[in-house]
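Read the structure below first, then the notes.
Letters A, B, C and D mark the chains in the order given here, with residues in each chain numbered from 1 onward.
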Amino acid sequence: MTRSKDGELRDTALSDRELKRALAVTWSAPPGLWGALSTVDHKVIGRRYVATAFVFLALGGVLSMLMRLQLAQPEARFIGPDRYNQIFTMHGSNMMFLFAVPVMQAMAIYFVPLMVGTRNIAFPRLNAFSYWIYLAGGLLLWIAFVVDTGPDVGWFAYVPLSGPQYGAGKRADVWAQMITFTEVSALAIAVEIVVTVFKQRAPGMSLDRLPLFVWSMVVTSFLVIMAMPAIMIASTSLILDRLVGTHFFNPAEGGDALLWQHLFWFFGHPEVYIIFLPAVGMVSTIVATFTGRPVFGYLATVMALIATGILAFGLWVHHMFVAGLPRLGESFFTASSMAIAVPAGLQIFCWLATIWAGRPVFKTPFLFVIGFMVIFVIGGLTGVMVASVPFDTQVHDTYFVVAHFHYVLVGGAVFPLLGAIYYWFPKLTGRTMSEPFGRWVFGLIFVGFNLTFFPMHILGLQGMPRRIYTYQPEMPWSGLNMFISLSAIILAAGFLLFFIDAIRSARSGAVATANPWGASTLEWATASPPPPYNFARLPVVDSREPLWTEPAELRVAAGLGVDRRELLITSVAEAVPEARESSVGNSIWPLLAALATTVALVWSIFSPWAVVWGSIPVAVSLIGWFWPKGVPEDES
Amino acid sequence: MKAARVVALGLGAIACGCSGNQSALHPYGAPAIHVEHLIVGIVALCTVVWVLVMATLGAALWRRRQKKVETEISQQWLTMTVTAALALTVILIAGMTIASFYTTRAIGLPAKAALTITLKAQQWWWQVTYAGSAAMPGFQTANEIHIPVGQDVQILLESADVIHSFWVPSLAGKQDLVPGRSNSLLLRAEKPGVYRGQCAEFCGLQHSHMAVLVIAEAPADYTRWAVSQSADAIMPAGPDAAAGRTAFLAKPCAACHTVRGTAATGTSGPDLTHVGSRQTIAAGLVETTRGSLAAWIADPQTLKPGNNMPMVPLTSFELQDISAYMESLK
Amino acid sequence: MKANTVLDLTKLPAHGLGTVSPSWWGTLAFMLIEGTGFALTIVIYLYLMSLAPRWPLGTTPPDLLAGTTLTVLLLASLVPNILVGRWARGQDLRKVRLGLIVMAALGIAPLILRAFEFPAMHIKWDQNAYGSIVWFMLGLHTTHILTDVIETLVLTCLMFSRHGDTPRRFGDVTDNAMYWNFVVATWLPMYACLYWIPRL
Amino acid sequence: MKREISHSNVAFAAAAIAIGITSAALGWLREPRELRLDPPVASGLDGLRLMPNGISGTPPESYFALGKPYETDAYNLSQGKRLYAWFGCPACHGDGRGGAGPSFLDGWWLYGPEIVSIVASIRDGRPHGMPPFRDRMTIEQIWQLAGYVQTIGAYTPKVAAPGRDDDKQTRPAENRGPAKILFDQGPVGVHPDQGPSP
């Protein structure tokens, strides 16, 4: 071992074995509970995030089964209106804010640093903080639900129903504050992803060599950054209206009920793409791997992602077509809503072309991609339907829309996500999920999903509104509703099998090699699961498919320090190395800061003074977080 | 158990309740007919698109299985195909957008109608106000809108509390009732009949039981109906109903409900002057019969939990009398 | 897989400043988030104004004195702020210490003026929607001044501690200076909106 | 590495189970929102025991058994607020500051601030113009309204108190303690016989 002139230990001085040992010492978290609470490893946090999000998926699924039980028969008395309203609100809020967005970002937390060939995400402590605050938000919502203070105003919380006069108690406040928790965590991740991708890519990975999943996460992160402030401002104004008597939404004093809808959907529509675009990246990744060739039309797909991201901000009014806005504006939003089908169509065509030209291998991840195509195209086409104002006046707020967005969100996001879990499970856990199980899971979910949700289109056209806890026997809906409820059991069985398979495989699945699928991207260039430092030597990239162009060898860079957590900063466009940079070490402060923030936010549901007194511990914990501890990472 | 009997009575009334037309696919009003044409057209077109995409997907998945040896497809051919598909998408999208605009124009604006009815939604029922004229005083009713067939009718939409949405799918698309704003909707029935509608915007506990009936009838029948509705309530003939009237006025009922021509002038509940003539009670919950009225009055919180009608303690005689009185208010 | 070393990184600096530093980009991203928030409050202000029969609703336009003085003060603070950033890039510890003390003072002074701005609006948050939005805008901007002042104070303490004299701290100072520029820049449209639109 | 994950897994599983048990316990303790009051319970609420002068007294036992819902439960308080408007209370009492009838906000309770007195005032009426509502409201509604009226005048705002109206504002909403804001000093002991302020 020889140290360089400045006393640093560099990887150039070490053999492979010595290097791995030295890096493991530098990058590992301490063992035990303390290490679990203070770790800033993006893989540990990402895995934790994914697992938590899937727990929320399961809980949300249980709620949906309760709703199906209630709706199976007309005038059923299994769940009363008060509880039903809480259940459907919880289902929507939980799935959107605690499952769909976080799980996509969680996959990015785990895989983006690996795919761009760096050793940790940018701002690792912010990452840890983000997880704790997300967990706190989820617990707040669910504990409130258990103690009968669950929100009962819908996941959209329209005023005045959610406002001070009609939303009795703290139910709507819990919802609004849960928004703050989840949006803080989502915004934090978005910043981390953007900076990781812009500044921490492997040398040579210019922007046109970025894997498509990474591109999709960059666009998604920008959507988060631009869209989520709207909902934070909206939910804050709602709490202010309820707690201290502001008049943002009070028409009698110059406010406006529709202002809420504008703010909510200015966030709410991009939200759909925040969930869908990562799935596009997943599909692109899986299609490339299982057809054995790069996705056709890389540039077209990236342009489609960006175009979708921009158009996403011009559509929100199509959620308000029946609110009585001026006709001219509605026509504009019909055109823009229809137009978003063009980039979506382009993506579909590119994947079809890839499959056409490639040699498909029918493994479980690819099956989910096929299922995605079948279902998502239906969801996209019904999306075109509801973009039309007259069409929408008949189906808005009916089960047609319920069917539509489940086709888009389950077909468009959950199918790719499940495929991605099967695909990346070896990298997440070091073990492989079962292929025969996987086929059953796919079959049950695919069949169950379509049997459950397709009939809802018909119910909607037959006049069944959404968000009703029951319906009268004379309405011609009971047959289909019973059918849907029975089909939902198939769907639930599929998910149950998935959870069993995942838990079983994580414990005792077949041990995976570094690159079991023969994929092309950098996350497969390291062990499964990756060591704490990800790569012993950082890869150097000179093509879009680094592992396919040179299958036998990995081109790497050398010269990074091993005494401190060190990674490489490269230029934004061309990924030319610019500096070695330290990455912060483990810290308990993010957890403390999250606890302080949680206290302040929950307290502020009850008293405006919480903002004053509650922010003092937050400030203290943040100072503790950033105050240098004299470790090598803090100095230069 | 009295409560159990009442519930059974109520459920029985529900089971044989009214049947109304409530489907976007069975349009009987001009706006709904235009929209139905659009729905059928777009759905047919989209089905074709879906079948084409699926056929391509199927072919793409199968072709490599059938031929063992395969020449590499040229990138150029793929580019051209994808471009062509994209161009086709743009054309279809543009076509559907234009079709949508034309449908909007065909439906027209509601301002030109001869008859104007004010609909005020509240948790969880509909207050319907017909303006008076020289020949006839104005009047209020609830949860039931009568319109002359074949005429444009403008419905002014207001809300007393939260956002509701007025939707009678067989006649027209929906429109929200937003507090602090005034919206309106054009209704026009081409065929006499009873068209059922339902609140379509989530509005709280009893959003599920907030139905409204639109009854389209020949103009002469409509006028007859309007004249009878504008009259004060009749004095009940039978002894039951007469006793019921007395009980009604003495009990809390009168504090919330109006029966024109009596001392009952409450305004927080529906106007009951001609409640017996309406097809349903409690916003489309049950058909109006003496039994269902009794079940409703005896225990409104079981039939429609959370609604604003309290459970008034009544003896069984009072209950019978009041239901008889209500039924007599034709 | 065999590793083949093709690139030598030994000559790279151990830390970067400006666009080379992730924290610079992080600051930029947070500025984008908060900038979106500020822009949205202005949009809400204009939206409410478009609904109102007259503006400002139920009161007179705000008094100019406190707000204008604060604006001038904020603009004036840009000079020492830019200098601090320059000194930090030059890693001049003595000047940076001095500059940070000046900036801390220039951060606290607007907070005092801000206390006079709320009454200058002639309306309370609970009187009508105009009151609600102006208090909201002022409050949102005040929290930004406050966070930056606290950050400046902490940095000042750091620069006087043994942790001060490293390139990383100087990088933090430049990022903090950039953030203060942002706080000032966002105030200008807010000032125009709050004080001059009601006078149009 | 492997070991560390399993450690944290155990910690998380333990935390999850603890949270689950706590939540279930809380959920079991907490009654769901009651939309329908059983008729026997409702008639039980009629059984106030008033002092001979009609000013103070004790609520029926069943009221305590229910957990004093009309003073602490947000749903009942908001229903009370509806009833306040629907039954014409503003005609005499305005927004709570009084008019032809007495104010609820100035800390003066002519018959004391206990909910029983307020229920009795509404149910049986009082001299000088307060009509009895016995025949116009059910006893449950009277309790709801009484709880709300008490809330208007509370000096320490109740957590469950309603927020502002979607209407013209005349005073701070009930959840901000309007009595405290509008009459900061509170009552000076002019009528010490009428009990403490709430």
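The rule is simple: a residue touches a chain if its C-beta (ideal position, glycine included) is under 8 Å from a C-beta of that chain, and two chains touch if they have at least 3 such contacts.
Just so you know, these numbers come straight off a predicted model, no measurement behind them.
> Looking only at C-beta pairs that count as contacts, which pair of chains has more of them, C-D or A-C?
Ranking C-D and A-C by C-beta contacts puts A-C first.
> Just give me the whole-number Å value for how far the CA centre of subunit A lies from that of subunit D.
Subunit A and subunit D have C-alpha centres separated by 43 Å.
> If you average the Cα atoms of subunit A and of subunit C to get two centres, how far apart are those centres in Å?
From the centre of subunit A to the centre of subunit C is 30 Å.
> How many angstrom lie between the centres of subunit A and subunit B, each centre taken as the mean Cα position?
Centre separation, subunit A to subunit B: 38 Å.
> Mark out which residues of subunit C touch at least two other chains, giving numbers and ranges.
Within subunit C, the residues that touch at least two other chains are 126-128.
> Which residues does subunit B have that touch at least 2 chains other than itself?
Only 161, 179-180, 205, 305-306 qualify.
> Indicate the residues of subunit A shared as contacts by at least two other chains.
80-82, 160, 165-166, 241, 244-245, 247, 250-253, 256 - these are the residues of subunit A that touch more than one other chain.
> Which two-chain combinations touch?
A-B, A-C, A-D, B-D, C-D
> Give the list of subunit C residues in touch with subunit A in this complex.
So the residues of subunit C touching subunit A come out as 1-16, 19-23, 25-26, 29-30, 32-34, 36-37, 40-41, 44, 47-48, 51-52, 57-58, 125-133, 135-136, 150, 154, 158, 163, 166-169.
> Where on subunit D does subunit A make contact in their complex?
Those in contact with subunit A are residues 1, 3-5, 7-8, 11-12, 16, 19, 22-24, 26-27, 30-33, 35, 74-75, 77-78, 81, 159-160, 162-169, 172-173, 175-176.
> Spell out the part of subunit C that touches subunit D in their complex, as residue ranges.
Listed in rising order, the residues of subunit C that touch subunit D are 126-128.
> Which positions of subunit D touch subunit B when the two form their complex?
Listed in rising order, the residues are 35-37, 39, 42-43, 82, 86-87, 135-138, 140-141, 166.
> Considering only the defined contacts, which subunit A positions touch subunit C in the complex?
4, 8, 10, 12, 16, 122-123, 187, 190-191, 194-195, 198-200, 203, 225-226, 228-230, 232-233, 237, 240-241, 244-248, 250, 253-256, 259, 262-263, 514, 525, 536-537, 540, 552-561, 566, 568-569, 572, 577-582, 619, 623, 626-628, 630, 634-636
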